[in-house]
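Next up, some structures in structure tokens.
Each of the two complexes below includes subunit A, the first together with subunit B, the second together with subunit C.
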Partner chain A sequence: MAKITLDKLAHSYLPRPKSDADFALKEIDHVWDDGGAYALLGPSGCGKTTLLNIISGLLVPSKGNILFGEQDVTHLQPEQRNIAQVFQFPVIYDTMTVAENLAFPLVNRRVPKDEISRRVSEMIEILDLGDKAHKKAKGLTADDKQKISLGRGLVRHDVNAILFDEPLTVIDPHMKWQLRTKLKELHRQFEHTMIYVTHDQTEALTFADKVVVMYEGEVVQIGTPEELFDEPAHTFVGYFIGSPGMNVIPADVNGRVAQIGNTKINLQKAYPSLSGNVELGIRPEFIKLTGDDAGLPVQVTSVEDIGRFKIARANINGVTLDTVLPEGGSVPAHPKAIIDPEKINIYKDSHLVKGEA
Partner chain B sequence: MLELKNVSKKVGEVYHIRDVSMRLEKGSLNVLLGPTLSGKTTLMRLMAGLDKPTEGDVLVNGKSVVGVPVQKRNIAMVYQQFINYPAMTVYENIASPMRIAGVDKKTLDQKVRKAAELMKLGDFLDRLPLNLSGGQQQRTALARAMVKDAEIVLLDEPLANLDYKLREELRIELPRIFAETGAVFVYATTEPHEALLLGGKTATLAEGRVSQFGETISVHNKPVDLQTAQTFSDPPLNLLEVKKVGNQFEFDGQTVSVTGQLDALSDGAYKIGVRPHHVFLNKPSTPALSVKAHVSTSEITGSESFIHVEKNGYRWVALTHGVYRVETGDELALHLDPENFFVFGQDNKLVAAPAKLQGE
Partner chain C sequence: MDRTLNNKAWFLVLPVFALVAISAIIPLMTVVNYSVQDTFGNNQFFWVGAEWFVDILHSERFLNALGRNLAFSFTILAIEIPLGIFIALSMPKKGLWVPVCLILMALPLLIPWNVVGTIWQVFGRADIGLLGHSLHALGIDYNYATNAVDAWITIIVMDVWHWTSLVVLLSYAGLVSIPEAYYQAARIDGASKWKVFRYIQLPKMNRVLLIAVLLRFMDSFMIYTEPFVLTGGGPGNSTTFLSIDLVKMAIGQFDLGPAAAMSLVYFLIILLVSWVFFTVMTSLDADAPEKGVQD
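This part shows the complex of A and B:
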């Protein structure tokens, strides 16, 4: 296991990049803790795969260095880096049994026989593959095959890091829950440094200690799931995390007052007079629809019942405002939106502005 | 209108689809919900006329179309793996069905641009598909399906390979876009959440059978049997086996008294399903079955916490608002309010659903 240092890394696929826009990965400078579970989260084209490829050694970055522990591995090949990788589609040997597949990475590294059999049976138990241990992988379902892929990644204890590239994308919803909790248990047990690439916020948030949110080649926030939910550093994070995402409403902000149209909202913190593109961010979970007089008058345009809650989509000064109603909740006749002032974030040109208490 | 009458499809000795009857109205949105290999794609291929049923009949507007080749039927289909013509621009890809149909230039141009705008492809019309992201390629395929003015539009997990957020947006947009065309719209997915967001009607599939077909929220709220309830629960449905004696349900030495429809059930053994958001970590003021269990793992999303527990071989998950920190191995008391019970008989058929939920 090792900490991973990303030392002023940047990458462009062009031979002579001129401007910032030419970089698929803009400069990133971070140290990731030994034994940490990190998720790289963002839409396609955000640079997360580029970053993963730099870490795995498939790509040499245009700028900067990458270190595992104290060793500079920037120019080392993937096989010289002592890492394990799990991909979106299972990578296993169909003609080998489940147990042979799991043993393979260890046999290759000349691990003593009794240790191999101990670790393989441990992994088989963890993955609930006991009844299939001596079956050929060929006849197994896609879910079981992907389990074996995960097991092959996790069976080695000496790796610097384990990299996961969308490992659950092709897995059925029910099995996702099982495999995710398995991964989590394994991480707790072995304390591998894990890096997990995904576009699925639920996977990222439930898996990782720290989520690295990427957008247009840039790391826009690294934080715990709570930090990303409560205080998105960028409006993109607010939108991307949460379902539905954070509402972002143009507003005038001065001191402890935000003004949306004709309505004033008192803020819990004081802000300097802001110019530029100023917006108020509020999550749907923190808006209540009431029939009382207080609050912002809104028009509800649609209500979607999705079982455990409902999404009411409202309109305020031409801007869409998503709100969440509890199971069985309904929209009052003349709805007013009450925004929880403690949960408001203020943004200037898409970046969070910290107010003063 | 598309109608399936007792349709079965056998491959060798194995039924891939067994005795499916459905009536899909013009202008309706119909979700096929089920895990991989449950028969969604096979059923769609039968609807499209790509495969012939072994038994039963497929009718469009009252006329059998079995044996009518797919080219002669007015159908659009989009697959999970996007398919475009690699040598044609996005514009030509979208325009291709209209070129074949001989649509006049002006109409064609209008329709291509409108579809491209709805699919946010306006800036990419001159590009080749391979120079686009996966999401853009799939939207190109969807735009082509849109302009075809097909009677039947079949989408087989069309968003599975797309970004989470893009999926969220397209899920809202797609039903609106296709509702305008008046087509019979069929959408296959493995995800309960997706079915609920799409709305319309849902058919739940398991092992080649349609277990239920009705308003999406009704199927979710009043599943006819255990398998349907499980297919339609994400996170997974929590199960426990109880005994009813008098006006009490008993589980693991604990009891709770029940009233109304639950009290009216005859004494005996039942299976109870409880959705994760109805497993409470704080004791409610109403009567509840309280069970002690050990935490196996917990997941915190920042806004919600999933607490996974084990109890006598049962694995359950509780979903609670906010951040709830527990350690693996901790003992927790879980509280289950009978108001939220889905009760199944020993034959796995639903005998009672939560009364407060709307449904048929």
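This part shows the complex of A and C:
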């Protein structure tokens, strides 16, 4: 077990990268805590698998170093790094039984026999595979197979980190939830550093203590699920996290006033006068539709019922805003939108600008 | 659900049935017919029952030829399967050399049997053949026409040269279909090269290898052209395989009854082996998980 230091890491698949765009992974400089549960979240092609492969040792980064604890492992092979990995598709050894599968990494490391059988039976119990221990692994369901892949990492008590590469992709929906709960439980029990790659925000937000959001090869934010929700550091995080995503509207910002078209909105914080591509971000949850006089007059163009709540699409001077209607709520006759000023974030060129109180 | 029954549909099957009848069933029945009769010429046949079958199964000539066939098939399988796997493992998995290797491997498969026989017949000749001449120059007394061991070695080498490629191509197809994650997982688990082969590559190749063994067994069990071209079954009877013997008996000696009985026994042996393979393969399929994505 170890903390993981990403020391000015960057990677390009091209032999001689010239511009920033040639990098599949742009420079990242971070320390990940020992025993933390991290999720790498982002759309396909954002560089999260590249980062994972650098951590596991399948890729040597073009720039920078990676440290496990105090040891520089940048140029070590995966087998020398003492990590475990669970892949997208379950990897099991077909011809072996479940117990033999779990014993395999220990046998390869010449662990004494009685120690192996003790750890394997312990692991079988933890993974609830007792009734299948001596069955061939080949005939099992995908979720059991994934448990075995995970178990092969956990039997080695001393792994530095356990990496997950979209491990729930092939799992039936009703089993996903169970397996995720199991993962959390195991994380609490063993306190391994866990790194979980996914493009599913629900998976990331429920699994991780800290979510690393990646976009176009760049880490745009590392934070707790609350931080990602309340203060997205990048408009992409705003869109990507939350359902529906954050409203991002072009605005002019000056001091404590934001102007959208002809509409002025008072802000809680003061901003320097911003130039370039300035946008105002507000989550649909923080816009209330009322029939009172206060607020901005809007036209509601559509209402979508998505179960727990409804999304009303409102129009202010040609700008479309998603707003959330509470359960049982309805659109007032002359709707006005009230925006919670505390929850407004201001972005310049897609990046968050901190205001002064 | 109600199905519309229309017996006229059988007419649509008729052409295929006629074709199969002419190409397979009628010739086979002719053979069956011969196998239970004897003739003294003049197109006069009389019934002998199972006599020819009893004769054949007790004839030393048949049993010797069968023994040679089995020995030949097992020898070439014992060489071609491991060799084919080994070559497939050594072949590049990506890059420019892949097509080059594949084409090189496919070349021997394109050469007709009798040409292969002729090539090696000339190649092995002591007077003008490169191989035969070189061996003589080295002081090795090699002559496939007079020495049974030399004849056997030549035919085995010829078959290995001609057909190992098939095993290579099948194994290679099995190998490249193994997802990269298996190798990565094995590295992380600390598996040695041998263990990767034993627990990942070999199990993932078992289906294609079964097909390779089946094809190579059937084909080698029916071997005819190469020994016929090379030595005509000699020296003595040393390379007289079942098929060569069959032709000698049917066309050389015109013993239609025994030859027919022999070819039926021959046919049944191949059918039996194919059935065993088919059963093994379907039982392998039955092992696959009933739900979820497999591998």
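Definition applied: the second predicted complex is superposed on the first by the 349 of 357 C-alpha atoms of A that agree within 3 Å, B and C clash if a C-alpha of one lies under 4 Å from a C-alpha of the other, contacts with A are read in each partner's own complex, and residues count from 1 in each chain.
Definition applied: contacts are C-beta pairs under 8 Å (C-beta built on N, C-alpha and C of every residue); 3 or more make two chains touch, one makes a residue touch a chain.
Because the structure is predicted, anything quoted here is derived from the model rather than measured.
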Touched partner set for A:172, first subunit B, second subunit C, both or neither: both
First, second, both or neither for A:320, with subunit B first and subunit C second: neither
First (subunit B), second (subunit C), both or neither touched by A:202: first
Contacts of A:268 with subunit B and subunit C, given as first, second, both or neither: neither
Partner chain(s) touched by A:78 [first = subunit B, second = subunit C, both, neither]: second
Which of subunit B and subunit C A:93 touches, first, second, both or neither: second
First, second, both or neither for A:140, with subunit B first and subunit C second: second
Touched partner set for A:109, first subunit B, second subunit C, both or neither: second
Interface residues of subunit A shared between complexes with subunit B and subunit C: 141-142, 172
Sites on subunit C touched by subunit A in the complex: 179, 181-182, 184-185, 187-192, 195, 199-200, 203-204, 287-293, 295
Contact set on subunit A toward subunit C in their complex: 56, 58, 77-79, 83-85, 87-91, 93-96, 104-105, 108-109, 136, 138-143, 145, 149, 152-153, 170, 172
Touching residues (chain side subunit A, partner subunit B) in the complex: 43-45, 141-142, 169, 172-174, 177, 180-181, 184-185, 188, 199-202, 205-207, 224-230, 239-245, 283, 285, 304-308, 327-328
List of subunit B residues in touch with subunit A within their complex: 35-37, 133-135, 161, 163-166, 168, 190-193, 196-197, 199, 217, 220-221, 230, 234-236, 275, 277, 296-297, 299-303, 306, 308, 317, 319, 323, 328, 356-358
